[in-house]
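I'd like to ask you about the structure that follows.
Naming follows writing order (A, B, C, D and E), and every chain is counted from residue 1.
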């Protein structure tokens, strides 16, 4: 590749100090554990995984909203990990973010115009008039009208708010947008509208997307590549086609199997076995994070953390079973 | 639990040190020289200096503070400048009275406040609710000292029902205690009681809108049990917080109420001491009052653990 | 409501409940900072002498006495015991006098008042002689106050904590004491004049003036001292009111250094003319005071009967005098006040305002007034009850040169000379006339003090209280006072 | 791939018509507030008080300090609507002139409290850390001191007088405001919209000014009016104890303190100032309730 | 699965629920009718705000708690009319004969009491069990819903449970008294898919074991396909279509159902543009007098502007569309 990926994460580690149990003992919660992922230009990379698997934390780490414990983040080939915040501000224009909850991601005390104009105020020296024009244009891009400029967020539905958030995110013509579950709070039809909008934006401006979701069916329709996270680790990555048709990691398989198919004949007849229990916060220190729930777990899995093994059809998977195949 | 209490007490230490420094520095904030007052109306030359020396006022400030704080740790707050009484004795004779007053007032405020708040929340929007709201707005607004005066005029001077002044220890005469404490306690309880009622109502209304209340109702739990069990325990946290924060106002209010009803408690001790510049006494009162507030805060914090088990994690 | 009518025989087991504005802060006479402590201390301690309403001296712990040149020879009353059982003798008196005058106790607050005593010697077991530096008959009234209170010598030797556990030879024993709040005393049967004690117990509570009146009205107190202005309120509640003229004078002192206008005698006279004393007394003090523009009240032996009212209310004259002095536009100063009831002060300020003198009132705490006025000499004016309680001579410091209580050193040569003369005169009548000449001179040429009115002790009591009177010194006692069933 | 990153959209012509102005937030607030009947009455009363405070000297029928000893304690009538006091001064005039004292006192105390409390509270809430911990520890300590005792001590120290005692009250109140502001900042500190703004690269100061402050403002307004109420009562309390305004200046608390001496002769002397204090405090409380209830969704959190 | 003629466990007829808005009433649920038999699962699907939850609450007799009122209709539980029953009578049935599980297990459990307390409370309330016995029974129910180590977990507080365990606890609470009807309002929506599958399995087991009728509210068509026997589709406060699950997926009769099915993203295959239903759900105050879906419907015709009744189509199916007979709609299943 001649050009570096727009966002590149390598060996990222993020941990939080949390109190657990009734005693309130302080423990280190490894929210992201040695995760590596890159987002190419014009590409959509989806990160899937269950609640608490560290998806949001990874995205926040890219924009330095959480402190890193290890690893590096590169934006447009530049390591931003140890950059001074003043220098980082310039790079920041290239990566923007859209959040899950459309109700709380807009300042309730600001009008739509003020909210959307904020990045312009911070990063450009457009004058008031120019800013107004640009904001009106952005509203048009996301399918809202300039009539809405002086309204407050509470006057909008969830889908409309998410459009506003997207308008703000693309205001500076970023090269990548990190979308943290941008549709999971929405109705299906609205969800589809937003996904269509994101796809349009990508087609129009070539923007890269890091699309976080726990809904595999949604991901199926937008992602070029998929990364599957489990308890802070990326257990599998690969081209979407391959991951959905031939999942390599047992967790990915279980995840796909658990998604109910909207067809009673199929769903009620061939109900596939699902894994037991749920992903409880990361207490496992050694071995594969999924070993506890894995139907195929071996002794080795509980002792050593599997490295990434290449998978047929592209991508990698972190599972000892793949090692056997390789060997 | 023991650990929690221990942790709470440890956390109080920096506050206490700061309080003691503030209390001690009051001596320097307040102009005038206690030695002058002690020297009588016509001091002979050198007499003031001698008294200053005897009081240790001529030593370096830090040394004075350390000396004072060290003694205070052992419960020795020195002697009152004017009365020559050991301050700790003054405190021990006055403290129980203020504690009794504060406890009685808190009791009245909590009982009345909670019941009114619960009633108002349960019948939200109805006449009772509006009546209670009006009453509690008035209660918050009426200045304690004025209410006290009016009550004295009404119940003592006009009706001869209750005594206007003085205090009888509970141990001596429970009936007499009750009669004497009634008006002051009601006076002192009015504002916090009204505030508790308002907060209780707000908290209750908030909690009653929660999903788990609906769950309890879906279980067939009776409405009254939902309010008194499920909602009350959850509404308790903000209300207990208010009770805790009202306590410090209550101690302040006690100063004025004790003045009005001539109750020989810490508050009237404090006022006399401030007027006399009896520094050892002021310092001790400030430290003791602050300690009381800190202890109440600790109790409030500990109660969070009971009312909101999740808070134990913090 | 009406109170039970008294008149029955006093109940020997009665408890007398008394309401006061302040009580002594502690019980060691030699540490007592103010004269107002005297009545409280008197409950427990007896004094060497006592002074009657007319100023006459009689013996208490001293049975007989005589002056021998500069010596005062005192014969101690035999058979008197202290509350700890030890007997009273000449040695005990000597120990106390030496202590009070600061010879053995440097921080004694009484030292300045007793500074005229050169030495004290025991001549025989029951006779003690005080040798004075220069002859001064006012030593007798002085020893009738807290200066002459005698503490058990045994207790002193044992270093007992007199502040909280007093041991005297007085009628009552202290049983409980709450500083700033009150105290209780119980009859001590060993008192030498025991039959005169008519109640078994006295409970003293410190209350503010409204509380005192309310408490007597609601039956929680038997008797209480009142602010003079409350007399009408008390009477209208159907209670007995005793109004007894005192030697003290309500006045204010102006420092002519910090208030330069006051240097001009015409300004001083104008101030005196500007105040309508009788109206204030009538309307604000319910008539319970004696308006006076002399520096001694009519109850005092030093009152100048010849010119009873040197400064009648006369605004025109006041204005004219001020104009003459160049102060037609007035001037302003601030006056500190502590315990003087505010209404009176505001009334006075109101009158001064009428002649363009702007008197700002500043409430001060504790001893600030004394400190600012007399020690730092930075204050401009101070309201206080002029200290002539025991003897007129005690008021002289305000007018004498170089005296610490005369902050601006405003003096008059005639007054200075007369005052020196008065100290040495034995003969009461002759002394009285000198004192009156002093008063007269100051009336003509006002000095630092602006007199307002002679104070009145106002007491309210229910019908059961019998036999209570207040001497002009305001050193009231409960000996002889009873409470009927 | 390189060509796709360039060629970003040049500003397309907007299709939007002329922007029209919908009702601004403040107007909506006013409309909702107008529906809070009690609060409107309270507000009107407070406006009246302010007018009285400003134009008092022209409104009062008599000089409030003008005494006339011969008509002391006269009841209502004879040109004195509320009667006269112990020095024959017109009670109504004194109540009127006391209004200014009370309002100025409340404003001073609140001003001091807000000036100290708001900046510190915002900084503490936004940058949790050693500064926050230190300030909060100090705060706990100061708040543990009974406010009135401290106010008395401070007023005693700086000398009596309105300004001093109000300064004291303001200082005593500041920790409470610090707490409140910090808590509301903490409340929104982790809101997504703050993080959303931060991810844009908004400088912290701008975040504080544009996002944090406006959102903290509403609880602040509510508690500020409560604080004014408290300051009024405190002023009255201190004046009642003789530590507030100096005679002959009238303040409601001082009038109450003086009238207290004459309850047997003229009980009305403690009724008027007491009612004045109570109504003002009540009005401030109702106003704060009304403001809180009419803060719309665009301003109210949660 | 019985589709017999026996009396239904729960039968709702012509239910109308309204909120008070000033002086007027705003009807939010209108003419809702459905019934469920023992061990049958009826799915209730529809967009957010379509009135699913409110209908369920009305059935539970809890609509009043959120300020709504049943204005019309009948609700029969095992043949007993609930509308008009006294609060006390309703209380005795709630949690006992008819129970409900809510969407957010985290907020639906009382944070201040232990799981055991909260389960035991139902038993103490309806079975008058003493505390000790209730606790033992709570352990048994927890065990039954598959909570491992129930004896220890019974003393835990809700926040100490994971989301899946919380939902199991909620179900345990609901089935403790073995009710004849269980209403599950979005019971799996907040859960991860792997956990959702487990909970669906659990519900299936329970309904078989206890012969319960279940009303399962969801907006996820996959879940509907998984667990439901019959489905009622709600739009804007009305049921627009009700049918056997397979029929509904294969042959939807209402344009809205068709849109819903088409919008449901599928795992198999990738579409370039996702289908959408144009427009958005109307607010209750803006409901059209005619077909409420009318303005968003691509088959809209003049005849749609008259009020549309729910009409029986073939077999047990009903539909609320005047053109249903003439339209051939595509199902979600090819």
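Everything below uses one rule, namely that contacts are C-beta pairs under 8 Å (C-beta built on N, C-alpha and C of every residue); 3 or more make two chains touch, one makes a residue touch a chain.
In this text, all values refer to a predicted model and were calculated from it rather than measured experimentally.
Trainee: From subunit B, what is the lowest number of touch steps before subunit C is reached?
Mentor: 1
Trainee: Looking at chain pairs C-D and B-D, which one is connected by more C-beta pairs in contact?
Mentor: Counting C-beta pairs in contact for C-D and B-D gives the edge to B-D.
Trainee: What's the farthest chain from subunit A if centres are computed as the mean of the Cα atoms?
Mentor: The most remote chain is C.
Trainee: Approximately how many whole Å separate the CA-defined centres of subunit B and subunit E?
Mentor: Whole-Å distance between the two chain centres: 53.
Trainee: Just curious, how far off is subunit D from subunit A if you go by their C-alpha centres, in Å?
Mentor: 47
Trainee: Once you find the CA centre of subunit C and the CA centre of subunit E, what distance in Å lies between them?
Mentor: Spacing between the chain centres: roughly 91 Å.
Trainee: Could you say which residues in subunit D touch two or more other chains, in rising order?
Mentor: Those would be 156, 260, 263-264.
Trainee: What positions in subunit E touch 2 or more of the other chains?
Mentor: none
Trainee: Of all the residues in subunit B, which ones touch at least 2 other chains?
Mentor: Within subunit B, the residues that touch at least two other chains are 31, 157, 259, 274-275, 277.
Trainee: For subunit D, which residues are in contact with subunit A within the complex?
Mentor: Subunit D reaches subunit A through residues 1-2, 4-5, 8-9, 11-12, 14-17, 19-22, 24-25, 191-193, 195-203, 206, 210-211, 214-215, 296-301.
Trainee: Considering only the defined contacts, which subunit A positions touch subunit D in the complex?
Mentor: The contact residues of subunit A facing subunit D are 2-3, 40-42, 60, 63, 65, 88-89, 92-93, 96-97, 99-101, 104-110, 118-119, 122-123, 132-134, 136-137, 139-140, 145-147, 149-154, 165, 168, 173, 175, 204-206.
Trainee: Which of the residues in subunit E end up touching subunit B in this complex?
Mentor: These residues of subunit E touch subunit B: 57, 60, 62, 65, 87-88, 91-96, 99-100, 102, 104, 107-113, 121-122, 125-126, 157, 159, 170, 173.
Trainee: Mind pulling up the subunit D residues that touch subunit B in the complex?
Mentor: Touching subunit B from subunit D are residues 137-138, 140-150, 152-154, 156-157, 159, 229, 233, 236-237, 240-241, 256, 260, 263-264, 267, 270, 274, 277-279, 281-282, 285-286, 289.
Trainee: For subunit D, which residues count as touching subunit C in their complex?
Mentor: The touching residues are 65-67, 69-70, 72, 86-88, 156, 160, 242-243, 246-248, 258, 260-265.
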